[in-house]
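Chains: A, B and C, in written order; residue numbering restarts at 1 for each.
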Amino acid sequence: MNANPSLNGAHPYNDPGSDEPLLQVRSLSKLYGSRIGCTNVEFDLWPGEVLAIVGESGSGKTTLLNCISTRLVPTAGGVRYRMRDGRMRELFGLEEAERRFLMRTDWGFVHQNPADGLRMSVSAGANVGERLMAVGERNYGQIRKTAGDWLSRVEIEMDRIDDQPRAFSGGMRQRLQIARNLVTSPRLVFMDEPTGGLDVSVQARLLDLLRGLVTDLGLAAIIVTHDLAVARLLSHRMIVMKDGKVIETGLTDRVLDDPQAPYTQLLVSSILQV
Amino acid sequence: MPKRLIVSDVSKSFTMHLRGGVVLPVIGRADFSLESGKCFVLGGPSGAGKSSILKMLYGNYACNSGQILVVTDNGMIDLVTAKPREILRIRKETIGYVSQFLSVVPRVSTMDIVSEPLIERGYFRDDAHARASALLEHLNLPRYLWDLPPATFSGGEQQRVNIARGFITDHPILLLDEPTASLDAANREVVISLIEQKKRSGVALLGIFHDEEVRSRVADQIIDVSAFAPQATVA
Amino acid sequence: MTMQTPELATYNFAYLDEQTKRMIRRAILKAIAIPGYQVPFASREMPMPYGWGTGGVQVTASIIGPQDILKVIDQGSDDTTNAVSIRKFFEKTAKVRTTTHTADATIIQTRHRIPEEALKANQTLVYQVPIPEPLRFLEPRETETRKMHALEEYGLMHVKLYEDIATHGHIATTYAYPVKVEGRYVMDPSPTPKFDNPKMHLSPALQLFGAGREKRIYAIPPFTNVVSLDFEDHPFEVQKFHQPCAICAAEDVYLDEVILDDKGNRMFVCSDTDHCEERQAQGFRGVQAGGVAQ
């Protein structure tokens, strides 16, 4: 795909509107009874920026992701999002219809288990085309063509377009899930351990693909991962979480190369060197 | 010559929480500045903190105190207190970095690795590839390697890919971390000529060169890092 | 309401007790007020198994009066077991007159067909519905399908049609073909052939749908827009038959295939038996009935 001047507008720092954040998280807490899911989280996300949330299992990173993406209602705090018309809106103040519309047009959500994000008994083409039909596309030929284009972008052969994802390998399913999410040109994509459960070689291919798509499309993304290598490869900034609290935040390479908090130092020093 | 970057009173230490919180001072009271069209070279024995200084200038390392002022299109910015977003913008627009090692991304071809910094800045793919080709040609990297990912290349070949990627942009400040480390004599010459070109076009350079000959040919001034030794501050 | 003979316990008029009928009438009124919307109701146990028309029977029992004339069809036929039993059920419990003539009936209870003869105002068509939820094919969660109806999120319906075209090259759904009612609710017209879909559009008759097991009632009031879903480049089409009815020579009607022997001989005849008989009475003859092939 050729970079061209009009596309550059989508790039984070060339975008004249990008001085305003896309997403603002303020004092966000989620309690499960008296147990803490996550507590007092604050950050801003700008257009085109990739943020990694890292931490061990149980650190609250998935709870945080689910709260931000409105899949869970937080106990306290709020999340504001800049809509396509440029206005900042409090997500938990939106009508359900608005919120659902946002989720299937302007947002994507890539689940760790592709079966959670795909319709397993519907063909690959229809999985990708569903969002288009949901926003009113009514031309079969056009839907199929767009679906085919997206399948090729995620490196799925055209002759698999009518196959159901249950006939796909884990890596292909994950790539299909990504295509299904990106077809409506979302501005923000949430990913929950997108490479979890995949073989190392399949992971590498997926990471490379994600990296390319994120840069080409100027996507903003929030990626939850316990894999620091994934964070380093994909993200600009990262948040380190432990016991539901933010331990450290900053530029990804600075957090990894010069970690300040004791827990981050432990996390970084625990990486196996190959 | 106009100053592009001013380091004043910068100090850096590491706190090793995993070893009982022991504090390792690395740099104390660093003071120097970079100028357009000149190549400054960090000198001093190994372990004196040369790499740490480069990393602080690029934002990889946090500083404990002091100021690192950078002249950007948006005015003067202090890297020590800059927000992550500002540092990313500075890396994109103002400060380039040629590291010692290539961080290899699986499956990405040499051509794409080298031209990526231009494409990120909005160049057309064809134009970016043309500039990348010229550089790779100049660095004598065999043409049949251009479409391959550099993971399996020799150390010298990887280093040249890295150099091409670092030199392809028009950053007004360029940091060089041993760019000639694993190169043969002919390619060292090429790198020296690339540095000369950057100087002529007004780029402010700061490098680490262990190779005595290269250092003496490119350096306009040597900054002795041992002068910034932390003991001086402790004492 | 009906005559009670002192020595023999008998049924309330049309089997259901009056409270139940009121409850069902309230559901029907709500369904008429919101065309295409599935209204939940407290479906009763009926003296027949689920799947035999318990929903349709409850709707009919709630709207029928002593002066009504009832017709019951099953796949277009008045004399199959299901049609005969339901007709007898109302003859016995409501003592109403019954008929097989579409034009004479005030209430027509149907399983999977709409009569060929155009319906008139003051007629009510009661459909027996097995699965009322058109989104069920792709979305098994009831909570989710309700939300989708509420928010008019109907992209999923087209996913089903997309799958048809991708697999068969055309929309291969031939029955229970989804429609949009009055520009708002997507509705399953019960397993009628899509051939009958255009008959629902702007029909002067009231159309009521009852699903007994699923406990839902929905309706299309008279003169309501009913549009079959489709794609711009794959527009909705009804089935076409390449020959007229073998008995009455009718064209543009829905035909059933009848196997004649074990040598592969077969004929196509009207699915609507009443319509076929009317035409025969008027002197129309198909090839099997001694008429001349056209």
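Please note the rule applied: a contact is a pair of C-beta atoms (placed from the backbone, for glycine too) under 8 Å apart; a residue touches a chain by one contact, two chains touch by 3 or more.
Small disclaimer: the values here were computed from a predicted structure and weren't measured.
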Could you give the fewest steps needed to travel from chain A to chain C through chains in contact? 1
With centres defined as the mean of C-alpha atoms, identify the chain lying farthest from chain C. B
Of the chains shown, whose Cα centre falls closest to the middle of all protein Cα atoms? A
Could you please state the distance in Å, as a whole number, between where the Cα atoms of chain A are centred and where those of chain C are centred? 47
What's the distance between the Cα centroids of chain B and chain C, rounded to whole Å? 77
Let me have the rounded angstrom distance from the C-alpha centre of chain A over to the C-alpha centre of chain B, please. 31
Which part of chain B faces chain A closely enough to touch in the complex? 14-18, 55, 59-62, 84-85, 87-89, 92-93, 105-108, 119-120, 122-126, 128
For a test of understanding, state which residues of chain A touch chain C in their complex under the given definition. 96-97, 100, 119, 121-123, 125-126, 129-131, 133-135, 138-141, 143-144, 161-162
Which residues of chain C touch chain A in their complex? 138, 147, 151, 153, 155-156, 158-159, 162-163, 165-167, 231-234
If we count contacts the way the header does, which residues on chain A are in touch with chain B in the complex? 1-5, 7-8, 11, 13-14, 46, 49, 204-205, 207-208, 211, 215, 233, 236-237, 250-251, 253-254, 257-258, 260-262, 265-266, 269
